Every structure is written in C-alpha cells, then in structure tokens.
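Paired with chain B in one complex and with chain C in the other, chain A is shared by the two complexes that follow.
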Partner chain A sequence: MGHGAKRILRWVLVGAVLCVAIGPSLPLVVSTLGQESPRPVWTDAFSRSVQTTLWLGVGVSVVSLLIGLPLGLLAALYRFPARWPLVLFQALPLLLPSFLLCIGWSNLAAVTWTSWLPAPDGLAGCVFVMGLQMVPLPFFATWAACHNLTASQIDASRLHGGDKSVLRLSARACAPVAIVAALLAGTLSLSDPGAPLIFGCRSMAIEILTSFSALFDYDLAGRQCLLLAGWVLLLTAPVLLVGLRWLAAAVLARQTRPAVPYPHRALSRIALAGVLLVLFVGIVVPTFGLCLPAAQNPMIGRAAAKVGDTASTTLIFTGGAALVAVLFAATVALAASESSRARLTSLAVLFALLAMPPALAAIGVSRVATHSPQHLDWLTRSPLTVALILGLRFLPVATISMMRAVASLSPSWTDAARVHGVAAPRLFVRVILPNLGSAITVSLLLVTVLAAADITTTHLLQPPGAQSLPVAIFTVMANSPEGLVASLCLLYLLCVVLLLAAASQIPRLWPRRVA
Partner chain B sequence: MTPFVRCRGLTCHLGQQLVLDGADFDVADGESVALLGSSGSGKSTLLRVIAGLQIAEQGEVLIAGQQASRDGRLLIPPHRRGIAMLFQDLALWPNLTVAGNVCLGLAGLRLSRDECQNRIAHALDGCKIPELADRRPGTLSGGQQQRVALARALAMQPKLLLLDEPFGGLDLITKQAVLLQIAQLKSQLGFAVILVTHDPVEVRGLCTSLAVLEGGHIAEHAPMDDITANPQTALGKAFARAMQGKG
Partner chain C sequence: MKCRLLTLFLAIPFAAVGTLGCSRSSSPSGPGSSGSNEMSASGTVVVYSSVDEVFAQPICKQFEQDTGIAVELVPDTEETKSTGLVNRLIAEKERPRADVFWSGDPVRAAILKSKGVSAPYRSAAADGLPMEFSDADHHWISFSARARVIVYNKDLVPDDKKPTSIHDLADARFKGKACLANPLFGTTSMHAAALFQALGDEEAKKFFQSLVDNGAKILSSNGEVRRRVANGEYAIGLTDTDDVNVAIQEGKPVGFVYPDADGIGTLVMPNAVALVAGGPNNENGKKFIDYLLRAETEAALARSEAAQMPLRSNVVLPDGFPFKSVAQLKAMSVDYATLADTLEKISGTFLKQWVDEHP
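Right, the complex of A and B next:
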C-alpha cells in the first residue's frame, strides 16, 4: 500500500471513530430542532438556573486552578516521602460521584459538635466540593507539563536563580495547560446534578434532571439539554481553539530525560503538606462524614447485599464501557500517530463531546429506542447500550492515555521491522501491543471508575431490572435510612480505593522498558 | 564491475525542505564508505532511501544491478534488498529478549525453525554475546546493546550494512571494541558498509573511502588517502585535518 493510500486509510479510521462518538448525540439534536414545544423552555426559573450554572462553572475553574497548579508544580518538582501513592490518590475525588462527597459533608454538618464549622450549602457549597473534586484535572495537567521540561532546563534555572527561578520557569511553562484543564473542569461541573441536588442549588443540570425524572417530559429535558450543550460549546470552543495545542503538546510530548524530583528542605515539606491537606479536605473529611451514620446505625449487611445485587450489572456497564473506550482509543491513537493534525482534530472533537452534558447522548439514544423496532433492543435498550454510550463518553480519557503510549513507541522500531521483513500484524502482536500494555490497563481502570461515577447516562439508559451500584445509591438516598446510604457510599469508596491501589502497582507489572 | 548500490539523480523533500537534490552515489561490493555531511544535510535520508524505508520523488536506486526504486515507486521492498541497518537509537524491541530480537529480525527470510536457531546462535557467537540470549535490551549496557543490534543485523547475512551514527553514546574503549568486531566480521563475511558519522575515530576504524554530502548531492567520493591528501570540499578539508590530528 502506498503512502497516500495509507494516509487516507488513517484519516478514514479516525473519521469513523469520531462519527461513532458523535452519533449518539445527533438524534436529540435532529428531533428537537424544528419541533413545536408544549412547554416553554426559557422560564424565569430556567434563566436563574443558567446564571447559577455559569457561576458554578467559573467558581469550580478558579478553585481547581488555584489549588491544582501550585500543588502540581510542587509535587512534580520536589521529592517527599510516599510521593507516588500520594500523587496517585490525588485522582480519587475525580473518580467519585460528587453526590457521595456531598453526603459526607452534609452528615458532618448535621452533627452538633461540628456546628462551629460553616456547613457547605447552596452555590458556595457546590463550588467548594466540586472545586476540590476537580483539582486533579489541573493538578495532573501541570504534572504532565512539568515532566516535559527537560532535566537540563530545570538544572540551568536552578543554577542561575535557585528554586525561585525553577518555580517561575515551570509555572510559566505549565500555566496555559493548567488553565485549559481548569476550564475543562468548570465545564464538566456544569452538567453534574449530584452536588447541586444535595446542596439545594438549582443549576441547569438539576432542571434537566427534574424534567425527565419528576415531570417525565423527555422533550423538555431534551431542549434544556440542547441549551446547556449550546452554552458549553460556546464556552469550550475558544478554549479548544486556543488551548488545545498547548494541552496536546503537554500531554502528548515525550522527551528522553525528565527532571528528577529534587530534595529541597522547605519546598519538599510544603509539597507533602499540600498533597496531604488536599487529600484530607477532599477525601478524609467527607469520608469521616459518611462514617458517622454508618457508625451509629451500621447497615453493612444490607449494604453488602445491595452491592452483591448490583455488582454484575455495574461490572457489565463499566467493564463494557472500558473495553469500548480502549478499543476506539487505540484505533484513534494508532491511526493518528503520524499526523499532528489528525491528533489535534480528534482531541478537539472528543474534548468537546466530553464537555457536553451526558444527558445529550443518553436522551438521544432513549428517543431512538422508543421508535426503533423490537429486534433492535439489543442495541438501543440493553446493557450493551449503556456500556457503549459510557465508553464513548470517556473515550477522550482513554485516547490521551493511548496517544501518550503510542508517542513513546520509537518510529525506528517500525523501520527496523520493515528492514527485517516483519509483517505488520506480527509486529503489532509481538512488539506494539506488549509496549501498550500499561496504557491499556490504566485506561481500562480509569474508564471503569469514571463510567461508574456517571449517574446521568446510566440512570437514563439502564434497562428495567438492571441497576448499577452508584445509581442504586442515588435513587435510594432520599428515602432510605442514613445508615444504609452511608454504608453503601463507604463500600463504593472502598471499591474505588482498591482499583486505584491496583493501578499503583502497574509500574511494577510493566517496568519501563528502555532499549 | 557493477556496484552493489547505484543511486542516480535522487531528489527528496522532508516536508518543504529539499534534502537530496539529484544525488548520485555508488557503493561497490565489499566497500566501506564513510558518509560525511553537516547536520541536516540528508545523510540519514540517503541511507533510508537506499534501504527502501523512504522513497525519493525522483531518481532511481539499483541494488545488485536491479531497479529497487524509481521516481517515487518502490520496486523492491526493504527486506528483499539484502541490506541491514544499525539505527541511531538501535531500535531494539524492548519487550523481547536478545534472542527474540534476532529471531523476529529473521521474519522476512521465512527460515525453518532449526535454521533460525542456527542463525541466532551463529550471530550471537559472532558478536560474542551468546550469554545474553535471554536478557532484555533494557538490562544491558550500551556496548552490549550495540552488539545485540549488530547480531540482529548480521543474522540476515546482508550484502550491505548501513550504520546511521549508531556509536554516539559509547565510550572510546567500547566504541573501538565494537568497531574492531564489525571490521573482523566484515572481512569474514564480505559485506559492504556505509557509515554515517562525524567521528574520525569511527572512520579510521572501519572505512576505506569517504563521501561528502553537500547541498543535497555527493560533492566528493574517493579513497580515504586521496581525500586526506587532496580534499575538494570544506568539510573534506576539515576532516582531513582531523584525521591527521591537526584539529
């Protein structure tokens, strides 16, 4: 096959995956546009919710950036005890549904001996909890950008101006990436109904949730969803246009010798104190809040039974989503590996889709399901549907991981294979796939946990009789004993911690192989 | 006598930049030629075009008298040219053992299992690394990795070995040992060598002739003694002074 034909095939593959990713959102757009509305969408209440949602997005972006950027710099540049597990566990809040953390804070606020503490509530409470929850995004973006500074760049700035100079240089290099990540964090928070529901903050996500779960008006929910998607697109388009190149360079670049974390007496201590503080406030305190009702009225037995009932469904939904995401991500990463334009295009489209409200695709698919013949139920209203839509939603996460891994494959490995006559499938199985092993495993674990935390998609699409654990918690939390809800939340948290602990062992399973 | 490699009028772009501009280059059977040129002058591109890893938009490459590529068309695929290559970063497959690297390197020859094992053993013996067969490249020193890459290349029993600055990371003693080994194997097996380098030590250790790539074409190509005595290009003159130890 000639070079031209190969290039066309690669673009066709990238285009096909992007079309599949966009596909589920289209039915809602097509069916809603041009349809007469029995209920008005733009009411006073909805207008207020738009304002609230915008403030929520801005607040979450600012909070996550102000914490994530300096902490990411310090953690990437300085050595401190238990650095790797502490850094990895910074990701924990992002992997939990926001309502779970809010339940913890609410439980804590209800206890009399914590009454001197200001209880998180309303918009401020949402900004506080969701801002802390989103810290991992700018934190890890900064971490990745910092690792793209070479050891010699860091050494030179340390020689010339000490650690103040190192921090200034790295902050300047990492700030654009961290800002883009923080804006993405703010955008993602716009469509999360979890925290606003518990803290009584009427955001657009709550309006949509009310429309489909209380009013059962899918048309109204669809139009509200489209409005929210329009806002999100308006906000993300400039960010993607300006910032994606930085983000892609930071996340995808590779270099031969990154800086080794430096043992600085004061800054290492500040870095350690910072990561511990964020973990304490972001995870330990709400977890303590979750433990309170569970300790007073332990219902671990019932909770464990519920976990047992929902385990297989949760595993099918999330494991299936992880497989879908990794399969498509690997296809995009390999097909776009030789073209920076293809990489940027696919990242732009996938990030725009990630920023969209999850209800957009879910309501679209449920609409298709109502009109589709029964023999297509396996595609439109089955566990496969949930897995497919969740997998496509978290495709960008897996794609970044796979693109990083593909970029670390030396082009000369393929050249050597060509000189020696190694056929492409054999090279793929013997060399490429084993070297993508750690990225595949990380993507599988990440998407599994993120898909589990996505309530909206699962809630809207799960077939009758099949309920995942997070949706079970979400649906019982209003009318079940607090002890049961808290026990369920604790068990869920335990599962995520175990998965994260498993992820921390990946570098041991796949030690860096450098030839 | 027909040269093993004959390049005529090679023109090649990398992006917008013209790298080869009508380059003519011949390498005789068993010749050892050092290819010199300033950074970015197209030395690696010329090697890749000869190997068939890249195709020149214009011009032709003949291997053993047969047209291997012509005017943007690949006529003989890389693994059918009888050419092996040592890459700048060695291009060892890191997840495979040393024996696995050499074995996968024989994939294009479709040998029987026994013959494959014989070739692996012979190549590792020839490069004096039979004890490393079960190790992975990441656990080896730079010199050992060089020998593994060399063993993988020589297991193909090539007629021409292309060396694209592969000795950059080696200390002087290891470099001289590896060069001596290649020179010995070359005299035993009779393959030709094209060495891309900036280092007079490497040239002195392995090559009998010099070619200078300048402005996208071969500006001079002659036996080493001729060029050191009467260099025609600025680079040739600088190299001749370096070879004579005058900096």
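Right, the complex of A and C next:
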C-alpha cells in the first residue's frame, strides 16, 4: 500500500470513529436545525448563563490544574509511605456524581460542630466542589506524563540544579498533558447541572435542563447544546493546538530507563501531606457529611441487598463503556499518530461532544431506537446501548491517554519488525500491547468511574429491569430514609475502593517488556 | 505494518460489539427483543414510575405475588436533576417499551396525553374514585394523593408563630428564612399552575414577586426543602406530605400545616396512572392499572412511608396516620384536567422569567 493510500486510510478511520461518536447526538441536532423554535435562544438569562458557564469551566480547569499538576509531580517523583494506594485513591472524587458531594458539604454546614466551615454557594461553591472533584484528571495525566521521563533526564536535572530543577523541568514536560486534562475537566463540568442546581448557580446546563425537563422544548434545548459546543470549540481549539505541539515536543526524547521515585526527606513529606490533604478535603469531608445520617440510622442490610441487585448491571454498563472507549480511542490514536492535524481534529470534535449534555445523545438514541426495526434492539435498546453511549461520551478521556502512549512508541520497532518479517499480530501482542498497557489500564479505570457517575445517560437508556447502583442511589434519595441513602453511598464507596485495589494489581499483568 | 495493526485493532471492537449484542438479543430480559415478547406472553409488565421507588416498589412486589405477572419497574430520579421519564416516554413514543406510566401527579400524565403517548382506558376498578381528579377521556385516572404543605422547623418557629398560609412565606417574620423548590419542576410546578388557576394571573404573579421581595430561596427539590428546614438552615418551606412524613419518622424537629385552610385551600396532588399507547404488554398493563386503582392499594399506600391519602372516602386510615383524609381537607379548587395547559402557558413565560430573575 502506497504512502498516499495509507494516509487516506488513516483519515477514513479517524473520520469513521468520529462519526460513530457524533452519531447519537445527531438526531436531535438535525431536527433542531430543521425547525423554527417559537422561543428565542439568546435571551438575557441565557446570555448571563453563558457568562457563568465560562467562569465555571475556567474556574474548574484552573483549580484542578493548580492542585493536580504539582501534586501529580510530587507523587510521581518522590517516594513516600503507602504511595501506590494513596495515588489510586485520588480517583475517588471522580466516582461520585457531583450532587452527592454537594449534599455532603451542605449537610456539614448544617451540623452545629462543623458550622465554622464555609458553606459552598453560588458560582464559587460550584468551582470549589467541582474543581476538587476534577483534580484526579490533571493529577493522573501528570503522573502518566512523569512516568515517560527517563531516569537519565531526572538524574541530569538533579545534578544540574537539585530537586528544584527536577521539579521545574518535570513540570515543564508534564504541563501540556496536564493542561489538556484540566481543559477536559473544565469541559466535563459544563454540562453537569447537579452542583449548579444545589448551589443556585445559573449555568447553561441549567438552561438546557429547563428546556428539556420543564418546557419539553427539544428544539430549544438542541440549539442551546449547539451553542455550548460552539463555545467549547472556540475556547479549547487554540489551547489544544498549542498543547499538542508541546506534546509532540515532549515525546521526542526516548525512554531508556524509567525513573524511580526518589526518597527526598522534605519533598516526600510534602507529597504525602498533599495527597492526604486532597483526599481529605475532596472526598473524606463531603463523604462524611453525606454519610452522617448512617451513624444515626444505619440500614446496611437493606443497602447491601440493593448493591447485590445492581452490581452485575453496574459492571456491564461501566466495564462495557470502558472497553468501548479504549478500543475506539486506540483506533483513533493509532490512525492519527502520524498527523498532528488529525490529532487536533479528533480532540476538538471529541471535546465539543463532551461538552454536550448527556441527555442529547441519550434522547437521540431513544428516538432512533423507537423508529428502528425490532431486530436492531440488540444495538439500540440493550445494555450494550448504555455501554456504547457511555463509552463514546468518555472517548476523549481515553483518547488523550492513548494518544500519549502511542506517541511514545518508537517507529524503529515497526521498522525492525518489517525488516525481520515479524507478523503484525505478533508485533502487536509482544511489543505494542505491553507498551500501551499502562495507558489502557488508566483509560479503563477512568472511563469506568466516569461512566458510573453519569446518571442521565444510564437512566434514560437502561432497559427495564436493569438498574445500576448510582442510578439506584439517585432514585431512592428523594424520599428514602437518609440512613438508607447514606448506607448505600458508603457501600458504593467501599465497592469503588475494592475496584481500585483490584486495579492496582493490573500493571503487574502488563510488564514493560521492551526496554 | 501500522495499517495491519490498525485493521487488527478495528476487528476487536466490532467482534466485541457483535458478541455482546448477539448474547443480549437472545436474553429473555432484553426489552423489546424477541426474548421480551416471549416474556410478555408469559406475564411481564413494564412500569415507568415517577413515584419514589421506595413507595412504588412494595406495591409492584405485591402485584407480582398476587397475579404472577412480573413487573419491570423503571423508577424516576429526583425530578430536577435528570431529564426524567416523561422525556423518555415521549422519545419512545413510536415503539414504546413501557406499558404503564404511574405518575406522582396528574400534570405529567396530562402532558403525555397531549403528546399522544397515552391511550384511553376505562377501568372498572376506578369505581368509587372521585372523577373530578381524573381525565374525562380516561387517559389517566387518579388515586391516592399527597398534599402541598408548609413544613417548619419547631426549634425555630414557636407554635404561636407557625405559618398558616402560603402568603406567610412572604411575611417579614420569615424574611430570608423561607424556601421552596424550583417551580419549573416537579410538584412545585404543579403548585404554581394551581395557584394561577386559584388566585388568577395577577394575584399569582404578585405572590411570586412577594417571595422574591422577602428573600425566599429556590432549592433544587422538595427533598432538599425538607432537609434544609429539618436541619435549621431555613425556618419554613413548601413541600409535599410524603417528604414531611419521612422527616417526622426520622425524628427531625419539624411540623407542618395545611396552608390556607380558611382561604383558597390546600392543593391535593393525586397519583395518576396512564396506559401507554402501543405498549408491548397491553393487557398486563391494564391489569396493573386495575390493581393500582383498587381500594386495597389506596389502603396500602396510606400505610406506607409515603402516608398517601386515599381518594375514596370509605378506605379506613391506619392508626397514627399523620395526615387528614382528602374529605377532611379544604382542597384548593382547581381543574386537574387543564392544569397541564396552565403549566405550559406559564412555564415558558412567567415562571422561567421569575426563576431567571430570582436572586
């Protein structure tokens, strides 16, 4: 196959995956463009919500970056007690839907002996809670980027200027990935109405929710979604452009010997204190507030029965979503590996999709399913549908991780394999897969937890009789005894901790076989 | 070489999708699938319910035991935080997955009627139910009810200062201490529509403006109103009887009053059940509706944690029932059949604007 044909094939593959990703959102968008909505989109209220949303996105990105980048650096570069489990547990805030954390904070503010705590409210409250919740994204991005630095690079910079130099140069190398991850965090927060509802912040997500749920005006909601996506595209494209150039530069150095965490007396302590503090403020405090009622009226037995009923469905939805996201992300990453324009196009489109409210795709799929023949129900009305749509929604998260990993693959490996006549499957299994192992693990983990916390998609698409645990919590929390809701949340957290503990063993299955 | 790798990578997802899809298509629980049709023949009914799961589930279990028909319940989430089941029903209209929609209020059921989602069904089990709460065309039938009440914190509001009217939310003694859920959503939206019918447009608008002037706070849901009043953040709030009952059962320091007993009366909000047009298990759907409309179900809902008030006057209330019966209440005079129209009229105009401008 000639060079030109290969290039076309790669673009076709990228285009195909992007079409699949856009597909679910199209039915509502197309119907929106084809009709005149009786209500104007650009009202004063909507204009104010755009402003609020932009501040929210920027705030969440900045907060998550300012905490995630330095913390990720410290955690990756320095050795401290219980390092690996503590790093894994940094993912915990992402596992809970934001409104649960908000209710946790709100509960705490009402308890007399914690009333000195500032009660989050308005835009600042949303930025605080959602920013803390999104810290894991830049944290893990930095962590992963740091692990691509070589031991010789770290040693050289330490010899040159001590640990100050190590931190400065590592930060410079990891910043592009962390910034892209923080952007992702900000984008994810735009379509989430949970925290803005509870803290009284009129964001675009609230406007869209109102159009969907109160006015039942799909056309208006569709137009608002398009505007939101347009804003995201406008604001993130320049940053992505620069970020990808940095990324390209950052992967030039080849890794020969992975850096080992360094036992620095002061910085190790700071790293330990940092991860503990973020864990404490980001998850322990709000979870404590959320679970306070369980202490007064524990209903562990009833909650355990619910967990048992929903466990398999939750695993199918979230695990399936993770699988879908990783497979499509790997396809995009490999196909776009030799073209920065293809990478930029993919990320820009996926970011815009991520900013869309999940209801857009979910209701779109429902509409398609209702007009589809019954023999296609396996695709449009089954647990596979939920997994597919959730996976496509969080495709950007997996794509960034996979692009970074694919960029670190040496072209000389494939050249050497071609020269020696090694078959593609053998090269894939023996060389490529082990080198993508850590990125696959991180992507699987992230998409699993993000998919679990996406209530809207699951709720709108789950087949009758199949309910995931987060949706179960969501459905009982309105009027169930607070003790039951709190017990459910506690068990959910326990499940997640067990999942993380299991995930910590996965890297052992993916040893780096290529030095 | 990379192209071959790509081909290999592409093959994996499609193989996985095919495998999972095929395995589900033969699953008997796959709704809408061929397996689902087999289930419907042997007794399944799919019920979408906006009634809180904790209250709906026991009734469904009892139905399963009594009839042998399996119930696949899809409960709704707390109303304002997701786009909810009504949207799902509308989206699925051409080939529905649901047989029955069990709504916590008649407005959502009326919306489904206006969107052509529901079908008329005249149930013999509805005998004895007062028909002024139901649709004249039998698209939805009402039974057990909740009421809109004012919940207050007993630690903050002494007995002699407790509110008696919804206008007390705008009273100076509760300045900055009153709250209500977002009136664009849930039962609060129904209450708003009812106030527009009972008070007239101008008076209703004045009332909402007075809430703003008195610093009343909009919260995300009725559950949030209950929680924040119970923990003392707010002194009073507008919510539903089932919310209040949960707080009382948990020993929270709350009391409640039926507002405007000497004036426009208290809003009664019955459940409504509708048959989904073209549902996959139509006959079982009718059986489920018949079951819900029995006097025994009203009695069971009265005994439940929701403590719902039977619409039938001859249903015996359980001992210690915390609320009055519907017959004992001075009910607000509203036309339930047109509440959805009123809501549609005010949602996109006054209410949206009011919420937008509310601090």
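In this text, the second predicted complex is superposed on the first by the 316 of 515 C-alpha atoms of A that agree within 3 Å, B and C clash if a C-alpha of one lies under 4 Å from a C-alpha of the other, contacts with A are read in each partner's own complex, and residues count from 1 in each chain.
The rule is short, and it goes like this: a contact is a pair of C-beta atoms (placed from the backbone, for glycine too) under 8 Å apart; a residue touches a chain by one contact, two chains touch by 3 or more.
No experiment lies behind these values; they were computed from the predicted model shown.
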| item | value |
| --- | --- |
| Partner chain in contact with A:68 - chain B first, chain C second, else both or neither | neither |
| Chain B versus chain C as contact partner of A:396, first or second or both or neither | neither |
| Which of chain B and chain C A:434 touches, first, second, both or neither | first |
| Touching partner for A:367 - first (chain B), second (chain C), both, neither | second |
| First, second, both or neither for A:418, with chain B first and chain C second | both |
| Which of chain B and chain C A:107 touches, first, second, both or neither | second |
| Touching partner for A:410 - first (chain B), second (chain C), both, neither | first |
| Residues of chain A touched, compared between chain B and chain C (which is higher) | C |
| Chain B and chain C contact sites that coincide on chain A, given as residue numbers | 417-418 |
| Chain A - residues contacting chain B, complex | 3, 410, 412-413, 415-423, 426, 430-431, 434-435, 511-515 |
| Of chain C, residues touching chain A in the complex | 1-6, 8-10, 12-13, 16-17, 20-22, 24-25, 27, 29-34, 36, 46, 52-55, 72-84, 86-88, 90-98, 111, 115, 182, 184-185, 189, 217-224, 227-228, 231-233, 242-243, 246, 249-250, 305-306, 347-348, 351-353, 355-357 |
| Footprint of chain A on chain B - complex, ascending | 48, 51-53, 55, 77-80, 83-85, 87-96, 100, 104-109, 136-138, 145, 152, 156 |
| Partner chain C, residues of chain A touching it in the complex | 1, 6, 9-10, 13, 39, 43-45, 48, 99, 103, 106-107, 109-111, 193-194, 197-198, 200, 202, 209-210, 212-217, 293, 297, 320, 323-324, 327-328, 330-331, 334-335, 337, 359, 362-363, 366-367, 369-372, 374-375, 377-379, 381-384, 387-388, 414, 417-418, 424-425, 427-428, 432, 455-456, 459-460, 462-466, 471-472, 474-484 |
